[in-house]
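Labels for the chains are A, B and C, by order of writing; each one numbers its residues from 1.
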Amino acid sequence: GSRIPLTVHEVPTGTRALDWVIPDEWNIRDAYVATADGERVIDFRASNLHVVSYSEPVRTRMRLEELRPRLHVHETRPEWVPYRTSYYERSWGFCAARATLDALPEGTYEVVVDSMLGPGSLTYGECYLPGATEDEVLLSTHVCHPSLANDNLSGIVVLSELASALASERRRLSYRILFAPGTIGSIVWLARNEDRLHHVRAGLVLACLGDAAALTYKRSRQGDARVDRAAAHVVAGRGGRVLDFTPWGWDERQFNSPGFALPVGCLTRSLEGEFPEYHSSADNLDLLRDESLEEAVEALLEILDVLEHDRTYVNLAPKGEPQLGRRGLYPSTGGGAASEEQLALLWVLNQSDGSRSLLDVAERSGLRFDLLRRASDALLRGGLLAESE
Amino acid sequence: GSRIPLTVHEVPTGTRALDWVIPDEWNIRDAYVATADGERVIDFRASNLHVVSYSEPVRTRMRLEELRPRLHVHETRPEWVPYRTSYYERSWGFCAARATLDALPEGTYEVVVDSMLGPGSLTYGECYLPGATEDEVLLSTHVCHPSLANDNLSGIVVLSELASALASERRRLSYRILFAPGTIGSIVWLARNEDRLHHVRAGLVLACLGDAAALTYKRSRQGDARVDRAAAHVVAGRGGRVLDFTPWGWDERQFNSPGFALPVGCLTRSLEGEFPEYHSSADNLDLLRDESLEEAVEALLEILDVLEHDRTYVNLAPKGEPQLGRRGLYPSTGGGAASEEQLALLWVLNQSDGSRSLLDVAERSGLRFDLLRRASDALLRGGLLAESE
Amino acid sequence: GSRIPLTVHEVPTGTRALDWVIPDEWNIRDAYVATADGERVIDFRASNLHVVSYSEPVRTRMRLEELRPRLHVHETRPEWVPYRTSYYERSWGFCAARATLDALPEGTYEVVVDSMLGPGSLTYGECYLPGATEDEVLLSTHVCHPSLANDNLSGIVVLSELASALASERRRLSYRILFAPGTIGSIVWLARNEDRLHHVRAGLVLACLGDAAALTYKRSRQGDARVDRAAAHVVAGRGGRVLDFTPWGWDERQFNSPGFALPVGCLTRSLEGEFPEYHSSADNLDLLRDESLEEAVEALLEILDVLEHDRTYVNLAPKGEPQLGRRGLYPSTGGGAASEEQLALLWVLNQSDGSRSLLDVAERSGLRFDLLRRASDALLRGGLLAESE
C-alpha cells in the first residue's frame, strides 16, 4: 500500500461466496508445548510454523503419548518444520523437527494454543490501474502462507514491483492487481466481481518466482488464449518451460473453473511440490535470489508488452517487396548475411495481409516480439504499413 | 460353443459374397511323399503344414527332379516347416525342413494328396450378446490357420475368454463376436449382414495375442474413432504400441474397406511377419505365454469398459471449485501433495462443461479412465455432477 | 537459347515495376588499381569479383590511405575475394584477398573503373511450354551473379536441363521457365504478367543445386500448397530437408509477397550463407558436382511428375477388398510378406473414396508416389478404379 494505490477490502466472516462460506477469522497470540517446569519445547514465538494454521484454542495438560498424534514432522526432511493447515475441520496441532520431538522425555506437558476463532473478516488488497480501454488484465498472487518465502513472499514482491512499474506507464489495457488468501480469497473476489468479469481479457497468477529454477508458464484451461501465446513466446524465449493447464496449483484453479473459464495462466519457477523446501521452514529468505525476482518482473513486463502492443497490420505495398533501400530501411551494400533487423522487416511485410498479428509473426518467424514491433514501427513511419481495421 | 452361446453358420460354396464367390470346400484325409519302398519322407499325419493348404488331389509317381518345384522350404529358417496356401489357384505342393529335402536320394517317389475339393460350405461361428442398446461392438478373430498357435489359436482363446466374461456382465452395448476364416469369412459375414452394419459403433480384430511382445493397437481407417481413442488410452497406459491404420493385416482390411468403413481397429502383440516364427511350424504352443493371453483379456475388458462407461457430464457448481471438504471428498489436513484421486476429482470438475467426455478428460489429464470414472461416480453421489443431455 | 525455345525480353531502364524503377544499365570494360609504374595490383581482367558490382566510373589517382575504405576483403576467409554489390546507392569499390592488400606499399595508385551507367535495358529469358491445360508451373532461377558457380550457374544449368526434358514430354500442365536477375528481374516479370498470374498453380525457385549438401525444399508462404506437398514427398524420400517458409533467400521472396502469394517454393541444397564459399571467389566450378546437378534434375522431374499425375480415384468395388487374384493382380501362393506393389494396390483401393488423391495416399502410406501411380494404373486397367469427377 505504500508503493501502489491499494484498496483493502474486508469481507465479513459468514458471507456466502459461490459454493463457500467465509470461515471464522483466526487470530493467534501465542502457542507452545512446555515441560512441567515451564520450559517451552515447541514455541510459536520462534516460528508460526510450529502451530498448525487455523488451530482452535486449547489450554490443557497432556501426557506425551496423548499429545503425539498432534505433533507433525516433515515426511522427507526431518530437520525441517513442516507447514500444516486445517482450515475446514476444527482441529489443533503442532509442527516441529524430528530431533526436537525425539528429545522430549516422557511425562506431562502443558499445551497451549492461545488462538481465537470467531467473527471477523476476510481481507484482500486490490489495485486497479485504468488504461485507455476497459479491457482488463488480472494479476493475482496469494497472501496466506506466513513465513514462507518462495511460496508466498516472492509472488507478493514481484507483483508489487510489477504494479509499481505499470502504474507509471501509458496503458492501453487496464490492470486489476489482487493480493488475496489462496482459494477462499479468489473465490470471494470472483463472487463479488461476477458482473464485471467480462472485462478480463487475460490474467496471470504469480507464485514461487524467487528460486533458482527456470521460469515456468502453465497455460490457461483454454490453452491458446492470447495470454497463453504471449507468455509462451516470452518464457520459451528465455529458456523457460511452458506447460499445459492442470486444475492444480494456486488460484488459477478458481479463475479457470468452467463457470468462469477466464483466460488466466500461471507464472512460476518451481511448481508447488517441485522444490524440496516447499511447505516447510526451509522455504525462507535464503531460498530467494535477487536475479530470479528481477527476471520475473522483466519477463512479466515483456508478456504485458505483447498484450499491450500486439496489432494486426496491412502491407501497403504488398506486391513484391517494396524497395526498402530508398526508404533508408536497408543496408546499401549487399552480399552479406541478413541481420535480425532486416529479417524482422521482411517478415512483417510478408505476413501483414490483415490476418496475422505481430504475435502470429513472432511465432512463425521465431523472432522476438520486440524486434518485430520495432520493425513494424519503422515500416509505419516509412508509410509501408497501416494498422488493420 | 461349450463356453458361450455360439451359432454356427454354414454358407454353401458357390455363394456370391461381395466381389467374391465362396470356393469349393477342401477336405483332406492324408498326404505324403514316399520312397519306392513305401517310407513316408514327408507326411501329413505328422503335421498338416507339410501340405500346401487347399492342394488339389494328386496320386502319382514322380522323379525327385520333377517333384522339386512342388517342395517348399522356409526362406530364412530352413529347420522350420513353412505354412503355405494356394486358395484361389488350383495347385498342390508340400512343405518341409530343408534337411529333410536335402536327405532325399534321387529316384522316383510316390506322391499322394488325398484331398477333396467340391461343394460344401464355409463355416463361421457367431455369438450375439444383447445389451441395453442396439449399439454394437464387433469382435472378430480368424480361424483358418490350423496348427498355428500365435497367429490363430491365441485370438480364438482370448476372444472366447472375453466373450465368456462379457456374457456375465451388465451391458449397455451389444456385442457381436465372430470366429471366421480370414478374408472370405469376414467378406461373407459382411455380405450377409450389410443391412445391420449401421449398428456397429466400434470393433476390434484380435490376432497374435500370445507372444511376448508388448500389446499393439492398430487404429481403424478413420483413425480417431471412439474405439481408437479408447484402445490407444488403454494400450499406451500399459506400455504398448499404438500404430496408424494400414490396409494389411487381418480382417480389419475388410471391415475398413471404403464401402463399409467401420470403426474397427486391431489388437495384437507382434504384427504379421514381426515374429520370426510367423507362418511356420515354430508358431506352436511353446510360443504362447499365459500372462500374455491374460493381459490381452484384461486390456480388452478395459477398452470395452471405456466404451461402456464414457459419458459427458456437467459440473453443477461450475463457478470456482466447490468445497469438496464439507462433502467428504477432500482430505481435511492440507499442505501435502495431491493424490491421484484428488486430481481426478478436480479434473472432472474442471472439464465437465458438457462438451468433454471422461475419455477426453483422460486424454488431457494423463489420468487413467477408471480413476476418472470413480471420481465422476463420487461427484455424482455428492450432487456436484449431472450427466449431460 | 540454343537448347530450349527461349524468348529474351529487354525492358527499358527507368520503367516502373511495382514499387521499383529499373535502374540504369551497368556495363564495364575494365577496372584496376595500379602502382605508379603501371603494375595492376587489383585487376578486373583476372575476375569481375575484384570490382564491386554496379560501381560507378572513376579514373583518378589516390594515396593508399584514401583508397583503403574502398577496398573490401572477405570477413572470415581472407584468402578469398568477396562478392560485393552496390545496386541502389551510387558507389564504387574493389575486392581482393587480404594478402594482396597487405602487400601494397604506401604511395599513390592509379584507380580506374571504366564502367558505364546509363540508359539501357533489363534482360530476362523466358520459355513457355504449353500443356493440355493453361494451369501453369512457374520455374525460375536468378542470372545475376557473374562468376559464381553454385549460387548462380548451378540453377541455370539445372533449369536448362529440366526445360529441355520437359519440352520433349507430353504435358498436362503448362510450364513458364524464367531466367532473370534476382529481385528486380522477378519484380519486373511479375509487374508485366500480373493479369495472367492466376494461371500459376505451382512454382519452384531453383538455386545452389550443385554442392554436396542434401536437397533442401523450402515451403511456400502458404506452406501446404500442392507443390509443397509434392516437393516434401520427393525431397524427404531422397533423404533431403524440408524447411518452413522464410521471406529470405531468392526470388521466392517476390513470388510469395502478400499481394501475389503464389504457391512457389524453393529447391536448393545449401541455403544462402550455409556454405562457406557463398558469395566469394571460392564459389567456382570446383564446388559443383555432376551427381548433385543430375540428382536435382531427377528430383525436379519427380516433383513435376506428382503435379502432372496426382488424381483422385473412386474404388468401384468398395465393399470388402475385391478379389485381386482372379484379376491377375495378386500372387497366387499366399503366406509370405506383402510386397510394396501389393501394399500399393491395397492402399489405393482402401483410400479411394473420392476424397483422397494419390498424393494423399502417398503421404498416409509412406509409399512412393510412383509406386502408387503404377498401382492405380493397374487398377484402372482392371476395372476396379475410376477417376473421380
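Quick note on the criterion: a residue touches a chain if its C-beta (ideal position, glycine included) is under 8 Å from a C-beta of that chain, and two chains touch if they have at least 3 such contacts.
Worth saying up front: this structure is predicted, and the values here are computed from it rather than measured.
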Chain B on chain C, rotation in degrees - Cα superposition, rounded to nearest 5: 120
Same or different contact residues where chain C meets its copy chain A, judged by the half mark: different
Chain centre separation (chain A, chain C; CA means) in Å: 51
Of all residues in chain C, the ones touching two or more other chains: none
Chain B-touching residues of chain C, taken from the complex the two chains share: 315, 317-323, 325-326, 332-338, 343, 346-347, 349-353, 364-365
Chain B partner contacts - residues on chain A that touch it in the complex: 17-20, 52, 75, 82-89, 91, 183, 186-187, 190-191, 194, 221, 244, 246-248, 253-254, 256-261, 273, 279
